[in-house]
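Pasting the structures here.
Here subunit A shows up in two complexes: once beside subunit B, once beside subunit C.
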Partner chain A sequence: MNEKTRLPGVARIGIGGPVGSGKTALVERLIPALKARNIEVAVVANDLVTREDAERIRRSGLIDPARVLAVETGACPHTAIREDPTMNILAVEKLIETFPEVEVILVESGGDNLASTFSLELVDYWLFVIDTSDGDDIPRKKGPGIVRSDILVINKVDLAPYVGANVENMVRDASQVRSGRTVILTNCKTGEGIETLVDQLAHDVLFTA
Partner chain B sequence: MPTYTKVLAHLSQPDVADRVHALSHDGAVEFLVLSREDTLRRRLRGTTDKGTEVTIALNRDEQLSDGAVLSLDADKALIVRMSEERWLRLEPRDTDAAIEAGYFAGNLHWRVRFAPGALLIALEGPVEHYLQRIAPLTTSGKVLALQP
Partner chain C sequence: MSGISSQLALLQYGDSFFPSGSVSFSWGLEGLVDRGAVSGRESFEAFIKGQLRARWACYERTVVASAHSARDDLPALARIDDMVEITTAAAELRDASCRMGSAMLLVFSRLGQEPAAKYRSLVSSGAAHGHVSVVQGMLWASAGLPERDAIALSAHMFCTGFLSAGVRLGCITHLDAQKLLAAAREEAALLAASPALPLGAITTHMPEAEIAAMQHAGLEMRLFTN
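Showing the complex of A and B:
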């Protein structure tokens, strides 16, 4: 196997979005997709008053459970990723110290609303996940998460016909409010769109493409 | 494509400024213009003023800033320039309107500055998005919004 060129630091990628949009499912898809590209991964999962998401990822069998840390925010989830990301920064630093081979850390926020954004003191790059069952007018509402994220992920495309959502309109509206920045469609149940997303991460922040 | 992994120096250093100035006579200085927000990132991809695509990967203890030198040798230099920040100026008509505007800006997590008689809002996206959000204040005449 060829020796990899190791870049300084660890790429930190935030994953935010409303409750139930599929953030944890996306993490569960990204872990094997990144590992398949020989990229070492660790995860910080935020929850409001439990450690549900971190436990789910630990139990998934996709990753060494020690590489998953939980942050229990206890209050508004956006506070812990934006106004005062100290708890998350400490968790990230602990993972880097414990696993120096790690190249990318996924920071999954607690479920929040459309106003949620990440501090760039915490992450280098961030995704915002919405889903078709939230309603196809969501992109037009121009929440900061939708407008300012580096990639907008529209998940659960398979559900669109059952909830009367027009995916084409969602993509058109999202592209418009995001001034053409990247929008990617996924179905985290089947893995649809995940390779496209990882290609984009490899190009924009991992620099492996 | 080059990946820059260190901030080597800063234009505020006189010897560095002299070397960069000398290179500029030969057109050998490239500038990477970044927004304030992008200078906070340690990983990013960008395009210089001469069209060169570059990637940057820094350790967490290093930070990009206006004047950061990413490359400097006998033939060429690469310098970071921070784009000028744009501010939307809100002038409330009275104290009640000022309180309302302050609440609004805080609730929307906007970054602000204060000026005599005005609240300045940092524009981190299209100004239209901001004007739409404060439309109830401006259309009612409570606040005058002056674009940069």
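Showing the complex of A and C:
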């Protein structure tokens, strides 16, 4: 095995966005992409009404199931990542204690609306995921998730022609409301855009680029 | 701490705005609602009054008061913790109690409360369990709340935990919750007027809720940890 240099600390990366936008699919793409760069990963999944997302990631074969913890949010997914992120912070701490080799913890929020944001007590950096099938006017509707996230991911770009979404307009509007901060297009089914996203994470938060 | 400062502290720690991790727990209520055992305001009132009589008055109240008296005496707190551990039958409720206790220790530690950090270390080392009612009594004493306020806060949080979960489960409305909280307050005051049981005699008997908590993991749709 090659010698590797450990990251200076554990990077906690939040992933928020509406139900069905592709957050779990993104996590499933990020795990192998980060592992390919020799980065040790763990996951905290916040499910809205079941443990489905956590179980899906555990069964994916992409990661040691013990490295995936689930947090139930009592129907308040935004509360659990913002006003009272205590149970999520405990989960993150447990992963760090159990797996000291972990360098990146992905905290996937339970699906919510465009207003959810992450507490910076819980994460160091966060992504917000929307998708083309929600309508190409979504970026214009702003919302704290779209405006304030460190990276806005527009997923399911392959579906745009079928749902009448204009991706160019989405990127233009998103860039405008985000004052030019990063917007990345992905198709989590094929992996399109994932390397670009990981490059950006490596530069912004992992400090390996 | 006295006067208005103490009252404001009481409001701060009793406010749902104060982070405690409580939003994740229903303490068996979700299972009872799922099977229709609790449905609507009337049955909710019977449920919450039953919980106050069969759990809070004869168990939680004594544990909180004992931990409040022990304050920063870590071995004494650990002994109270042991008592809670051996008298809580359902593993799911023991686990949830420790998780919420850990959450409160984490918050108070990060707020700079030294006893919280010390007890947190003890829990991390495995020398104490960190059950929530023990942690509450200890933390509130360290925060300067008198015992009477700690008992009142315990009753309030005990009730609001259920009521808030009930609203989110669609079992009661937001106005039902306020009416029930007022009724529960009267019930708690009556119960608190009678002498508390000594720690060695604490008892709790709420089999239906305990069974619901035990069966909770099998629910197909689940909003809460328990």
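One rule holds for everything that comes next: the second predicted complex is superposed on the first by the 202 of 209 C-alpha atoms of A that agree within 3 Å, B and C clash if a C-alpha of one lies under 4 Å from a C-alpha of the other, contacts with A are read in each partner's own complex, and residues count from 1 in each chain.
Convention: a contact is a pair of C-beta atoms (placed from the backbone, for glycine too) under 8 Å apart; a residue touches a chain by one contact, two chains touch by 3 or more.
Keep in mind the model is a prediction, meaning the values are calculated, not measured.
Contact with subunit C, but none with subunit B, is seen for A:85 once the two complexes are overlaid on the shared chain. After overlaying the two complexes on the shared chain, residue contacts for A:125 are found with subunit B alone; subunit C is out of touch. Contacts of A:169 after superposition on the shared chain: neither subunit B nor subunit C is touched. Judged by the touch definition given at the top, the superposed model places A:179 against subunit B, while subunit C stays out of reach.
Looking at the shared chain after the overlay, A:74 reaches subunit C, while subunit B stays out of its contact range. By the document's definition of touching, neither partner reaches A:190: not subunit B, not subunit C. Once chain A of one complex is fitted onto chain A of the other, the partner contacts of A:205 are limited to subunit B, with no touch recorded for subunit C.
Of the two partner chains placed by the overlay, neither subunit B nor subunit C lies in contact with A:98. Taken together, the two complexes place residues 121 of subunit A in contact with subunit B and also with subunit C. Within the complex, the subunit A residues that touch subunit C are 48-51, 71-76, 79-80, 83-87, 89-90, 93, 121.
Against subunit A, in their complex, subunit B makes its touches with residues 3, 5-6, 37, 40-45, 55, 57-60, 108-109, 124-126, 129, 132.
Contact residues on subunit C toward subunit A in their complex (touch as defined above): 17, 19-26, 99, 102-103, 106-107, 110, 165, 168-169, 220-225.
Within the complex formed with subunit B, the residues of subunit A that make contact are 7-9, 11-12, 82, 115, 117, 120-121, 124-125, 142, 144, 147-148, 177, 179, 203-205, 207.
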